[in-house]
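Here it is, the structure in full.
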Amino acid sequence: MQENKPALEEFDITPSCFIGCDAGYDESSIVIFGAPFDGTVTFRPGSRFAPARMRNESAGIETYSPYQNADLEDLSIYDAGDLDLPFGDTNRALEQISGMSKYLFKAEKRPVMIGGEHLVSLPAIRAAYIKYPDLHVVHFDAHTDLRDEYLGEKLSHANVMRRAWDILGDGRIHQFGIRSGTREEFEWADAGHTELHRYNVGGIEETADTLDGKPVYLTIDLDVLDPSVFPGTGTPEAGGIMYNDLQRALLALRGLNIVAADVVELAPHYDASGVSTAVACKVMRELLLLMGK
Amino acid sequence: MQENKPALEEFDITPSCFIGCDAGYDESSIVIFGAPFDGTVTFRPGSRFAPARMRNESAGIETYSPYQNADLEDLSIYDAGDLDLPFGDTNRALEQISGMSKYLFKAEKRPVMIGGEHLVSLPAIRAAYIKYPDLHVVHFDAHTDLRDEYLGEKLSHANVMRRAWDILGDGRIHQFGIRSGTREEFEWADAGHTELHRYNVGGIEETADTLDGKPVYLTIDLDVLDPSVFPGTGTPEAGGIMYNDLQRALLALRGLNIVAADVVELAPHYDASGVSTAVACKVMRELLLLMGK
Amino acid sequence: MQENKPALEEFDITPSCFIGCDAGYDESSIVIFGAPFDGTVTFRPGSRFAPARMRNESAGIETYSPYQNADLEDLSIYDAGDLDLPFGDTNRALEQISGMSKYLFKAEKRPVMIGGEHLVSLPAIRAAYIKYPDLHVVHFDAHTDLRDEYLGEKLSHANVMRRAWDILGDGRIHQFGIRSGTREEFEWADAGHTELHRYNVGGIEETADTLDGKPVYLTIDLDVLDPSVFPGTGTPEAGGIMYNDLQRALLALRGLNIVAADVVELAPHYDASGVSTAVACKVMRELLLLMGK
Amino acid sequence: MQENKPALEEFDITPSCFIGCDAGYDESSIVIFGAPFDGTVTFRPGSRFAPARMRNESAGIETYSPYQNADLEDLSIYDAGDLDLPFGDTNRALEQISGMSKYLFKAEKRPVMIGGEHLVSLPAIRAAYIKYPDLHVVHFDAHTDLRDEYLGEKLSHANVMRRAWDILGDGRIHQFGIRSGTREEFEWADAGHTELHRYNVGGIEETADTLDGKPVYLTIDLDVLDPSVFPGTGTPEAGGIMYNDLQRALLALRGLNIVAADVVELAPHYDASGVSTAVACKVMRELLLLMGK
Amino acid sequence: MQENKPALEEFDITPSCFIGCDAGYDESSIVIFGAPFDGTVTFRPGSRFAPARMRNESAGIETYSPYQNADLEDLSIYDAGDLDLPFGDTNRALEQISGMSKYLFKAEKRPVMIGGEHLVSLPAIRAAYIKYPDLHVVHFDAHTDLRDEYLGEKLSHANVMRRAWDILGDGRIHQFGIRSGTREEFEWADAGHTELHRYNVGGIEETADTLDGKPVYLTIDLDVLDPSVFPGTGTPEAGGIMYNDLQRALLALRGLNIVAADVVELAPHYDASGVSTAVACKVMRELLLLMGK
Amino acid sequence: MQENKPALEEFDITPSCFIGCDAGYDESSIVIFGAPFDGTVTFRPGSRFAPARMRNESAGIETYSPYQNADLEDLSIYDAGDLDLPFGDTNRALEQISGMSKYLFKAEKRPVMIGGEHLVSLPAIRAAYIKYPDLHVVHFDAHTDLRDEYLGEKLSHANVMRRAWDILGDGRIHQFGIRSGTREEFEWADAGHTELHRYNVGGIEETADTLDGKPVYLTIDLDVLDPSVFPGTGTPEAGGIMYNDLQRALLALRGLNIVAADVVELAPHYDASGVSTAVACKVMRELLLLMGK
């Protein structure tokens, strides 16, 4: 993930970055980095392996999107590699993500983070909020993630959106595809704290209209997809949306000012066939093209 | 799966029952038990491992259903564990299931059985019929299961519904999602012996109307789901229904008098990602909440 | 895959052919053969294992199709087994497929080939073209396969349809389900060289109408299916069609003069659950019944 | 698995028999057949899939053995394919194996059976005993298989050698590698009923000396191998022998009059890497070469 | 994992405890509990799933050991189930293990813990030390586990033995099978802090002699076994000992006063064939029989 | 795999090279590169995925070897990444490997190549021979690889050593661990063309003595290891050596002038547990330390 003149440049060497993201740091307005942390996961860990797997497998997709008639080759994107995060000390891991995010915002880059569990979104959202105090979050997920505490913890993948609300307040979080949570979480959201869309992405166009011109953080928990489409995740939840639903929802966001984004919760160990990684790579491509406009 | 005062109760011990089903036997109107038998399967065995796997993995779902706005924690359900069934002697295995079912009906409980292959439904249906002679069966499945003989056998997963018809007679079996069988089976059903709905769950509301107030046995062969949704089964059959179709069909049955039910044909060995088990657990939750009303 | 009197015919021996395809060569108008070659695959190889796996697993489906109300047992189909193809020398492998295809056409048989990678279609299409100069190709695929060169190669799975166009010319290739390729490929197709239908099978009925009475080669790259339905393939591409979409598309082709066909790109190693093979077998059955009319 | 003139003989078709075993029935003194039955297995089923998998994968080994300086190509062996056995009715399945074995003995062939679970050895041993009343059995296994009853059953994989003793009596069964059983089984064997060698193949040469000139049935339960060498089996038992130990033991049997043999308990579903099948194929080759002398 | 009178006791219900460990709490001198924690693992997590998997799969082994001529059925062992441990807060998890261990020691039970990662041994060793100040630790492992810090952490699976040394001091820790670590760790051990045996279990008899009559904590990190024998672990390290080596080493410890023990680092997700779990269960049985003498 | 100043150097980024091999090109005397080619494999392909997987998983081993008391951190090694090789055109792929090898020899580097199938050794050996005409090859393998032709091909993984002999002539190739081949291959070797050691590494010390001071190319086909130790390979062959045998053999080569080396035939798809990759990484470390002396 380094740049400048490589040795042996006269040979054809396979790049180790995400496909089509081999630009230099300085020329890039978008910067990818991995946050391979899954330390608060209670059920099935393994999203720590996602960023490396996605880079390896990204060679299986094209850089061109017929949906957007756009190509990663036309953009300048730098892939910074993965942060080397500690396990067993959640706070230290989150601080490193925070540091990277702030650094990139300061340099006027738009960060795109590959998780890791959903908790990694929290420091990135906080950094975005510092830069853009009128920030909105568009959130695709199967789960509400709105618990106040989870097994006695304030910081976990199960309450990341509640912690984001602590920062942003009412009306700033727009949730789509939600189909799992406690009764309390649904009721709390429905009381006006977040804009929660059950089961699918209905209403995305209306939301997009209200967000026109505002800074948007886009967080995609890939388990919003049905487990048939995306089995490789820690907490699969039946009844999700299909890939084309997510594709259409992303297209609905075209033209918005997406200042940062993340793609989280791919757990490759539960993806024997590799299709979840392939899906994640395609979502990543569409997301990058969306931001590259 | 025992009750009364445990030792070491001052410690937090993970329960070994299905999630949210930790009530005592006496207070429970619904009783779960496993029937881990797959001895007549000709193609791919392994549904014997389903009940244990479902209990282990049930921790991955919530006890609350936003679809029904209901929670397993609000009900009293006892999980009796698995019957210890012999292999190589089909009749002895079926007798034990029969014994358990009758015992529970006698105690005015509603049994919910986790298979095992579909043949385990037969003794449970027979026991329900003895208790409720006007019994109807609602049957979700990819396969007709209406052969009279299968490879010379009268008792197998491939003719369980034909044997149920021997007991119940015409008009009592309502089949949904059927997409595989012999020409003879389809013709036999269409001759009026069963109410066979091809390919999907269309017509479920009408059937539900006719069953109002009648005792219903609900048997869900999970292979009614498309193999993309539910790969972990012995005889996957393309062209099935999606999870949300099944969810809607179950909601259509709300208010019926479901006196017993089963969920069969999960074969965890074909479920490398674990999503089939997660789907089965969610179906189980929805089913229990349906009966708990 | 031999015929005439077997030894030990008084015993019940499991046939090693595709289910229901145990007729003798002379009496058969349809002849199946396998082309287990994947030598030009750059990403994930393994389709070489498809024909043997499909025969083994075909016992899991019925010979009867409720969709067509037709049964393989009513037809006479010979399964010739697999060609023994060399690796590392693409031309020699293609020549053997070419030889077999021509031989069968000469004998007035309709060949149905099981791939292997998509490149195996090329010699079979060429042989069909020699027999039927007004040949049309109906092509289901996720990928355009229209590159002129791919990594410096003129012969690869990524340009098989471009090579077919070299033979057939404009307006003869009808592509459905396409959702991946380079900008150049899409533009080249849209310039009138092929009839390219994006994303799904919309328009299949109209195409079928224009093909009435003409000789048709039907090539099904199974990755046209969504990876949720068909994970077991070398280059899974999200956003595909469901099994029932493909089923309906095949039914739309009923009555056409399908002179040859193939089913390619099943890679069993990426199919831990076996559902992809089960899907491939069902597609194969429907295809054979379509041609058997 | 048929013979005589095949159609399409001018093409190179991959044979579907075990490698190097493509001779005609009449000219063969050794006949292979599969017995894909695992109906009495209580723990992990799946040995029913072994014969087909072994034929498919046998292409991965050479026909030549440097250990014996002998080649399958120098022998004439007929591969009859698999018996089509019913599940759920153990007796009927065993009768078919019995019928095949007797038929082959009558025709002066030496049968080599591929299991299936170990119980399939019983009818084959009985048939051999009828032909050769002074039969001895050499038995490699991790398990004693000497229970009188197992879960109330007299016929199961767990008591096959006890049933063989019912036929043969004391001193005729020579067991090697045994490391698992009940106290009662070990004591019963040690009381002189069988010659039981614990843990390894020590003593095989001495046993071979005593068997010189006598008819021998050789039954190899592949779980005699350490699970590291042979993970793909239903009941893996740590502490077994290495491949080279088994190889040496087989070489110690050279020159004996092995009138029939079997290789049982490969369960391919537990063999993700395929090495167990590769081991089974090599054992099969060595066994065939041993008998072909 | 509860006791006293179960409901439905007239039916044959599969126990959910480790095989042969179904005694009541009060009558038992040995108590099993699970510590499903893997929160500090940096490489491949998943040992959290070990205790549940071992109980499920323990049905595949016998309760009788021919090596010790002893049977679990002859002992009284209580299986308490698994502690419900939090993730993301290492200290809280360790406190719960500490609490359970102290409680059991107070009740004059001998605890046998199933991990989880190796760090879970630390609170158990500390509790044992409080009870038995002259405690010695016998430690089987591939890794030294003697780092002072690991990635800035004082508490992790990579420095558990260093932390145990903080408690116990020089000469109390006896390590066998060690083959991986930093130069500093090996040198630190060789300076006399621990008794470190490289590569194998040579010297175990001499160590056993010196420990006669002393209280011993036995901790078995199963990765001491060669990865061929035990692939299912987070950090497989080539060049380990075979099962029979470990078996012999355990037998060498017979007669010692083993006051507590643990078996750690089975990670079932890396154990596709199930053999690692089978090995772990057999080690567990031998360990329990060793302590039951 | 580039060098010089990276962007974002103030953050802790996980390196993408083989562990401990992060030196710059100029300062390094050893240079690693990957040759991910498996185009002539007839049985089970997939070694193309080995180099990327080994780099990813190398974090699981230590950089320090207790066997050699040496550490990768003490050496300067550059990891150049993987050559981007074409499939379907064997000659072009081999030319690129040849070019890289020659370039490195010219720069007085010692190349260490990660395969890929064994055929990739041929151009590397040829390049070494050009530099060092008195070159000897030490070859660890299960297979002779001495066919003159294989399925009509002169260039394949099955005849790579025969082609090396074409270059080097009699007495220059020293083979260890060989246990599979045709009778002709063994006889040809035994006629004095190569020094072929059957089954194990016996004689390695004597061979090492004769090679003292001569330039040596070391090629390790990892399938020399027993499939229990190394299941993840295309053509597993039972009866191989254990890891410690290979370790000892490598130590016997200490002090030799190893001018280049390769490690080939890891096929990660057959390595569900990851242990084969872990073994390959450890072999790689030991090999690098051997050359670094």
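Order of writing sets the chain letters: A, B, C, D, E and F. Residues in each chain are counted from 1.
Everything that follows uses one rule, which is that a residue touches a chain if its C-beta (ideal position, glycine included) is under 8 Å from a C-beta of that chain, and two chains touch if they have at least 3 such contacts.
Treat the numbers as computed from the prediction; the structure is a model and nothing was measured.
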Contacts common to chain D and chain E (chain labels): B, F
Neighbouring chains shared between chain C and chain D, ordered by label: B, F
Distance-maximising chain from chain A - centres being C-alpha averages: D
Proportion of interface numbers common to chain A and chain B (over half same, under half different): different
Relative to chain B, chain with the most remote C-alpha centre: F
Selected pair, greater C-beta contact count between A-F and B-D: A-F
Interchain centroid distance [CA atoms averaged], chain B/chain C, Å: 38
Centre distance in Å when chain C and chain E are each reduced to the mean of their C-alpha atoms: 55
Residues within chain B bordering two or more other chains: 226, 228-229, 272
Pairwise chain contacts under the document criterion: A-B, A-C, A-E, A-F, B-C, B-D, B-E, C-D, C-F, D-E, D-F, E-F
Chain B-touching residues of chain A, taken from the complex the two chains share: 43-44, 179-183, 186, 198-199, 226-229, 231-232, 235-239, 270-272
Chain B contact footprint on chain C (complex, rising order): 59-62, 64, 66, 69, 71, 226, 228-229, 242-244, 247, 272-275, 278-279, 282-283
For the chain A and chain F complex, residues of the former touching the latter: 1-8, 10-14, 16, 24-26, 34, 36, 52, 56, 78, 80-84, 96, 99-100, 103
Chain A - residues contacting chain E, complex: 38-42, 45-46, 48, 86-90, 92, 151-153, 155-156, 269
